[in-house]
Every structure is written in C-alpha cells, then in structure tokens.
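Two complexes follow with subunit A in common, the first pairing it with subunit B and the second with subunit C.
Here is the complex of A and B:
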C-alpha cells in the first residue's frame, strides 16, 4: 500500500504545482495588464479588423494574437479580461465562503430550529437551476461587477453550508468540544475558536473550487451580455463575439477560451490537490 | 413506506412553495419597469396605468402572489408580456426540446461513464486505469459550458461533422404534431429527419454529458473495485468464471446502487446546465427561452419557467428517493 500512496502523492504534487503556477502567472499578467498589454484593449482599428494571429499568413506583426471584428487587440483584451475574472474569483469566492461557512457552522453546531431553518433554505436553493437563478438576479440588480459578486454569493453559499454543516455536526459530538464547554467557553466562542479551525481545511478546498466556479459564472453572464458594461473587456464577452464570427475569425474565440479553460481547470485541480494534501489518510 | 413517501411529498410541496415565493418577490423588486418597455415612448401615464391593471401589476406584492397562485392551481400561469400568449402553452411548447436534450445527454453519460468504469475495473492498476482517472479528472474540472465551446471548435469548425446551432435544419418540412421531434421522427419512421435532429442535438448533449459521465465512471469504478474484494466475488472466481463475467454479472448488480442515487441528483444539475448550453448552441428549448425572458423582463414568463424547472428538479429528486427505497432492501422494510 505504501508505494501506491507515494504515487498518489507525487501525482498530487505535480498537479498542485502546475495549477498554482498557471494561476500565479495569470494573476500576475492580469495585475500588470495596464503596463504589459501592447495595446489599449478598447482601441478600435477598423482598418485592421479580424487580423489573424502573428504566425498565420496575412497577420499584422503589431497584433500578436490577432484582432476582433472592430480591430481591437485580442491579447490586450485577454490580459484586461483577466482582471475582471480574478477580481470576481477572489471577492465572490471569499464572501461566499464566509457566508456559507457561518451558516453551515450555525446549523451544524447549534442544531435545533436554526438547523431546520437553514436546511430548509438549502433545500429550496437546490430546486433552482443555478444558471437561470444567476441570470435572474443580474436582471433584477442590473449588470455590473457588484451584481455578479452578490449573485454568486446568494446562489453558491449552499455549497459551503451543506458540507460545513455536516462536518460541524461531526466535530460537535467530539470530546474536545464538550471539555471546552465545561471549561466555561460560550457556545458561539466554542464554535469559532474550537470548531472552525478543524473545518478550515475543508473550507479552503471548497473556496479554491468556488473561485473556479466564480470565474465561470462571470464568463457565462458576460456571454449572455449581462456582465459589466460592454466596453470593459471580459473573457465571456470575447467568447460571445468569437462564437458569432467563428467561421471568419477562430482566434477571437480560441485564445480567451484557452485562458478561461486553463484558469478554471487550475482552480479545480488546485482544490482537488489541496483536498488530497489535507486528507490524513494520504498524508 | 407509505408514510415515508407522504413525508417526502409534503417536503417537496413546501420547497416548491418556497421557490414560488422567492421568485415572485425577487422579480418584483426589479427597478426597471416591464410595462414601460412595452409601450412606445409617448405613452401617457394613463396608458401605463391601464396596462399595469391589465397585468395586475398595480396591486400589492402579496395580493399579486395569491392571485397568481390561485391561477397556477387552475393551470393558469398568466400571459407572457413580450409574446402576448399564455405562459403555460409557451413553456410546454418548449419543454419537449429540453427534455429530449437532457435525456439524450443522460443516456450518453450513463453508457459512456458505465463503459469507462467497467474498463477501469477490468484493467485496474494498469496504465489504462490511470489514463481513465486523468480523463475523468479533466472532465470533472471543467463545466459543460466550456466543453460546449471546445466541441463547437473541434466538431463545428475544425472538422465540421455536426451542426452547432439550432434544433433541426430550417429547410426541412416537419410533419410533427408534437414537439417531441426526436421521439416522433422515430415513430413516423422518418429516419432522414431523425438523423438531422440527432446531428443537431449531439454536440450540446455531449457537452452536458461530459461531467456526468466522469462522475459516473469515478463512483461506479470505486464501488466496483470495493465489491471485487468481497468473498462472494472470490467464490465465483474460484468456480471458474472469467473476469468479464465476474465484473458484469457478480459485482455490478451490487455496486450500482450508490451510483444510481448520485445519477439522480446529478441529473438535476445536468438539466440546470441546459439553460446555458441551449443558449450556446442556439437550441430552441426552455433554457434559451428563459434567458430571452430575463433579458426582456417578461415577468410572467420568467416565473413560469423557473417554477417548471423547480418542479422538474424536485420531481427528479423525489423519484430517485423513492426508487432508492424500492431498490434498497434495508430501507424497504424499515
């Protein structure tokens, strides 16, 4: 069994490093976008519309990854689009984790009517198709970065609440919790000081996965044109444009798709890798 | 058993009521006025008032809710603001397209995921199993929306063998009386139409099936491998049965139950995925209509569609739950 475990660990290690590597690279590029992007992402050059990437015949050497139908530079738009993607991932991810974990802890540790109430909400939430729910919320709140983040938090808190609730229930039955109570610690303080640290690894794993989901949700919303205003470049809106001109200019779809694909894949692989790391059986 | 069923039914109804309340309240705090969008810019305040009264939007939210709920219980979901037709008819007209797509995706996922699980068990510990694991990991990490885009790129553009938009070629004459095109084309023995419809549905169905197939493969393989260590499996092996027989005839029937429950829950996620996948492939189903309804602020239509989705979701969960009770002897006699 020992060598099998070693093999799993090594594979998990490579996976962790590769995905973390891409995320650091993409995050760095997004942060530095205003300085490293070769063009203004919004600048149109109608004489250079639908220029292919640099290695294809007929390309303009000024535009490395080509241009879209309005002559905007694809590379610069991807770099700037990354800013939106990572902003949503970080803010929405952390906010969702905080709300979901808190409700999950309350339901799992306090039990009783708190649990009944929260669990009922989770059931109702599970009956909504998530994509439709998010589109609905955006339509209600109006497009914009804040709306997207709120929509993600409102929809996805159940992902955290369900898992954390189950874990908190398990932890709550353990001796150390009882002894903390005997030692005179208050109920809420026990929950935060004793239980939370023990469910934190789970929360971190879910948070990493949630960031990938947030990136996708933002892309989907900008794909259906409900994200931030149309003049801000996002991967989803680039993909939407690329989808309509796919037969004339494949590069408008392909490059933002690669960026999105690798980012989502990396968040997910990072989460899975961390899960293995935290798993005491594998450790 | 009966009591359990009734309890489940009751909680399902409570959930649906909750969904109805939330949708109703959420879309009525919309800042944009749907009525203003229907009228020409020079409409007078009296015109607006008349139209509001026509759609019942001049009453309080609670009043509106109970009027609407009363209608729903009589099968009246209101009238679509943009299409000026009863919501129920519109929604039921699109439902078959979405159901056919979801079921096709489910069938693909079960066949493919099942085959991968069996192959992974048959060649467990080998490179083939490792390859299946890596493939599953990839398929699970990336959602249907992205798989759809990848499929569009490969099979719509690079190697255009399948259609990537619409439900059926617009040039074809359709003799159908129902909206179950796929089903009816088989009944009418119109295999030319059937081929065209499948060629349109295959890409979106595959995109929806990818993640589910991976989940099925992963879980079924795990339970199969656990079952393969049990004594009765070893016994059948000592009786001289071949590996293939042992896996499919002896281990599979016992290993399949956890997967079955999971497939039920995951099927609802798959149905939820149709919303964006239909949009991506311009497939004329419920999801595509839902997005249009949201963009046009068509309140009655949005409500109808969300409620229908919720009914499908909770319905599938209910069926799976009951099926599980029937299939699991330990629960059956409880």
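Here is the complex of A and C:
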C-alpha cells in the first residue's frame, strides 16, 4: 500500500518535472527567438529549397532542421511560431480562466436565480459545436491574433464555470463560511476572500489544460488560414504547408508537428501532475 | 431585561412549506446560560442559525421576533443586521475541522471581525488575538497565529474557535454542539473551557446539545424541543429534579448513567412519542385556524 503510493508519487513527480521542463525550454526559446534563431524566418533562399535536416545526406549545415519549398529555415520558423503559440496560450488561458471562474463562483456561491441564469446560459452555450463556432466568430471579427484569443475565451469559459461552480457549492456549505458571515463579512467579500483561495488549485489545474487547448485551437485556425497574416510563421500554417510536400520534404511537416505535440502534451501532463499534487485525497 | 428575546419564531422549508420551527419563544438574560436540547431534527440548531442569520438557503423565517439587545434583528436591513450580529453575537461551531478556512492563516480568521466590524487597526487586533489565545491556554500564540488549520490538532482548533468567538467580547454566543465532534477526553476539557470563559466574560450562552449531562454541567435554564415545538422550558435544577412534561421525563430516563448501567438506554416509549406528535399537530392546526 505504502509502496504503491510512493511509486505513484514518484511517477507524478517525474511527469510534473518533464512537462514543466519542456514548457520552460519552449517558452524560453520562443521568447528569445529573435536572438537565437539562426535565420530570418521569412527570408527565402530559392537555391536552397527543400534542404533535408543536417543528419540526412545532402543537407546544408546552415539549416539544422532543413528548409521548406521556398528555402525558409524550418528551425527559425518553429521558434518564431512558438511565440504565437505561447502568446495565445497565456493570454487566452488566463482570460478564459478569469471569466469562467468568476461566473462559476457567482453561480455556485450565490445560488438561487443567479445560478439558474448562469447555468442555463452555460447549457445553451455548450450546445454550439466549438470548432464551427470559432470559425464563425473569426469570420465575423476577421482573422488575427486578437480574434483568436477572443474566440477561445468566448467558447471555453464554460469549462471553468462548470467546475468552479461545483467546487464553490461544496465550499459554500462549509462551517467556515457560516462563521465568516456571523463575523459580519458580506456575501461578495466572502466569495472572494473565503471561497476563491479554496478553489484556486482547481482553477490552476484547469488553466494548464486550457493552455494546451488554446495552442491546438490556434494551430487549427492557422491550418485553415484564419489565424494571423501568412507572413508571420505559426505551427499550424507550417503544418498546412508541409502537408502538401510530405513526399518530397517530410521534415517541413514533422518538426512543427513534434513541437505542437510536445507542447500540448506537456500542458496536459502538467495539469495532471498538479492535480495529483493538490488533490487532498491523493495527498 | 433579557439580552436575547425570541418570540413566536416560525421557520419554514422553502418550496414545500414544511414547518421546521413552530412558534418558538425563549429569553436569555445577560450572562445567562440556556441549554437547547432535543433529538436530531428537533430544530435546536435551527434556532441558533436563525438568530445568527445563517439559516440554510432552503429555510426562511416566516414569522416572529428575534430581539438582540432590545433591537428586532428581523426588521433590520441585511447589512445593518450583519453588523449588529457581528458586533454583539458569535458562534462556536460544531465541527472544528471545517469551521476554519483551510487556505487562510489563523490570525486573520480571528482578527477580521475586530478590523471589519469594530474598526480596530491590525496591530491592535493582533495583540487582542494573542491575548485571547493565551486565555484558552494555547502555549505558543505567535506560532499558532501564523499556522494554517491543517497544521493544528482538532482540540487545538476547537480552542481557537472558542477564542475567536470571545475575541470581540460579544454579549451572546451560540454554541452549536461544540463538543459533539471531539473525543470524550477532549470534550471534557473543552466544556470546562467554555464554562470558564463564559463566566469570566459574563457572556450569555445559548448551548445547543443533545447531551443532558452537558446541560447539567453548564446551563442554568433549558428548553426542550420536539419537532420544532417547545415542549418544556424550565430551570435546570427543576428539570433534573422533576421534569414536568412526559416527553422530558422519558428523555431524561433515556440518558445513559454510569452509576447504574442496567437502568440506561431506555428508549422513549412509543405512546409518549405519539402524544408529543399529537401536540405538534395540534399546534399546526391552531396555527392554520389563526
């Protein structure tokens, strides 16, 4: 029994550190992209088109991960594409969490008609198919980074609202809430000071998962050319371009795919790892 | 003149309209200890919650007067009522494990009321917190004030809750089964502590319990409830010498006695239950007929 727990704990620890490690590395590389990228991600070199990565025969040692059909450096484009991915993950993730958590807290703690209103709204909102909904939103707002972030917030806040509502309901029934109210604390203040700190771990776990989702959504939208303008590289647009030349130059597709895969995987594993850490039942 | 006067208090379950409290009246004088006894579901906790304005959302006061220090709380706007209660009354809750916020340190949980309601500055409130913790025999108040609840034992947390209740020198404390969640040895200490604190501060105490032994130890007056109806209201000596109501007598006979185990655990006889239920039904009929 004790052994099993120890093993689970160690595995959870490894998961936490590996995923956090990759995310720190990728975020650092994205932030430093303008300085560490070996080439201009937009510079074309038509004489060096579709160069393979350096460990394959016939490669140009200047282009570590090869070049695409226009002779642009794949590594530099991945690094710059990471900037877009992380910007969307952080901004959209935090904004989604803030909106969803606030509405969830209000519904779960105030109950009554506030809860009825918010919960029914969530039900209706979740009935829209998310991908179509986002494409519709972007079509209305016009493509671009801001539109993507707004689309993610508008679609995904329900994820937070539902879970936080349930947690807030549970916390609201605790004696410490009654004690705080006998001590003269108002309702809104009770919600912020007493309830919020106790649902914060849940919000953080959901936030990491949401960041992974945001990265995917951005990739999907840039895959269908609804993200930012084509002259700044994104992982999604690289995948879309690489798809057309997969038989001649697999690396143009595979490397951005790996970057996307590892990043999304790390976000979700970080969320799982944090959940194990915070979960009082497992702890 | 009593400090707390409850008159004809009626509480209903919202929606179904089931009656939880049936015209309860009681008076607690300054510095007096009143025991509220009854079996589970008799409505004894409900009275304390109604007085402190923390009824569950599903219940609501439909009639009656709750007068605290000469002021009818039910006639006040919610914000003013909350401040009156915060300044003059306090709660010692049942379960020390959930009555302290797990993600906040002890210090602000004691001092919030002093700062928010009484308008003290933090430094003065913190001094007061240290003083009151020392009064409940906590050896290292500074360390405890910096701790989170999970770092402290159940008995320790119950002491903190008692200290916290007395911190603002309220005139009335509602103790909602404060010893039920503790083991027997700790129960005794906590009970003595509450009694000592109550005597020293001259606080009126409304003590909710199902344990007649506890009532005998610390209360002067008591109210016996059945089905939200006051069955008997008397002074404690009178009750233990000669309970007036048949249900009270049966309740007393059902209390385990360590000096006579053979006579212990007599369940309340069915005919007495029937009789007291009939009284409850009669009260409801009177109510409906005006």
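What we mean here is this: the second predicted complex is superposed on the first by the 283 of 283 C-alpha atoms of A that agree within 3 Å, B and C clash if a C-alpha of one lies under 4 Å from a C-alpha of the other, contacts with A are read in each partner's own complex, and residues count from 1 in each chain.
Note that a residue touches a chain if its C-beta (ideal position, glycine included) is under 8 Å from a C-beta of that chain, and two chains touch if they have at least 3 such contacts.
Please read these numbers as outputs of a predicted model, since none were measured by experiment.
Student: Quick one: on subunit A, after the overlay, do subunit B and subunit C clash, or do they fit? Just give me the call.
Tutor: fit
Student: Is A:142 in contact with subunit B, with subunit C, with both, or with neither (first, second, both, neither)?
Tutor: first
Student: State whether A:120 touches subunit B only (first), subunit C only (second), both chains, or neither.
Tutor: A:120 sits against subunit B, while subunit C stays out of touch.
Student: Compare subunit B and subunit C by how many residues of subunit A each one touches, and report the one with more.
Tutor: B
Student: In the overlaid three-chain picture, which partner chain does A:33 touch, first (subunit B) or second (subunit C), both, or neither?
Tutor: It touches nothing on subunit B or subunit C.
Student: Of the partners subunit B and subunit C, which touch A:97 in the superposed model: first, second, both, neither?
Tutor: neither
Student: Can A:112 be said to touch subunit B (first), subunit C (second), both, or neither?
Tutor: second
Student: Between subunit B (first) and subunit C (second), which, if any, makes contact with A:176: first, second, both or neither?
Tutor: second
Student: With both complexes superposed on chain A, which partner does A:264 reach: first (subunit B), second (subunit C), both or neither?
Tutor: The first partner, subunit B, only.
Student: Taking the superposed arrangement, what is the smallest distance in Å from a C-alpha atom of subunit B to one of subunit C?
Tutor: Superposed on chain A, the two chains' closest C-alpha atoms are separated by 18 Å.
Student: What does subunit A use to touch subunit B in their complex?
Tutor: 120-121, 123-124, 126-133, 135-137, 139-140, 142, 212-213, 216, 219-220, 223-226, 239, 243, 246-247, 250, 253-254, 257, 260-261, 264-265, 268-269, 272
Student: Can you check the complex and tell me which residues of subunit A touch subunit C?
Tutor: 111-112, 174-176, 178-186, 193-194, 197-198, 200
Student: Going by the contact rule at the top, pick out the subunit B residues touching subunit A in the complex.
Tutor: 11, 14-16, 18-19, 22-23, 26-27, 29-32, 137-138, 140-143, 145-146, 149-150, 152-153, 156-157, 268, 271-273, 275-276, 279-280, 287, 290-291, 294-295, 297, 302, 305-306, 309-310, 313-314, 317
Student: Any idea which subunit C residues touch subunit A in the complex?
Tutor: Subunit C reaches subunit A through residues 49, 52-54, 57, 79, 82-83, 85-87, 89-91, 93-95, 98-104, 109, 112-113, 116-117, 161, 164.
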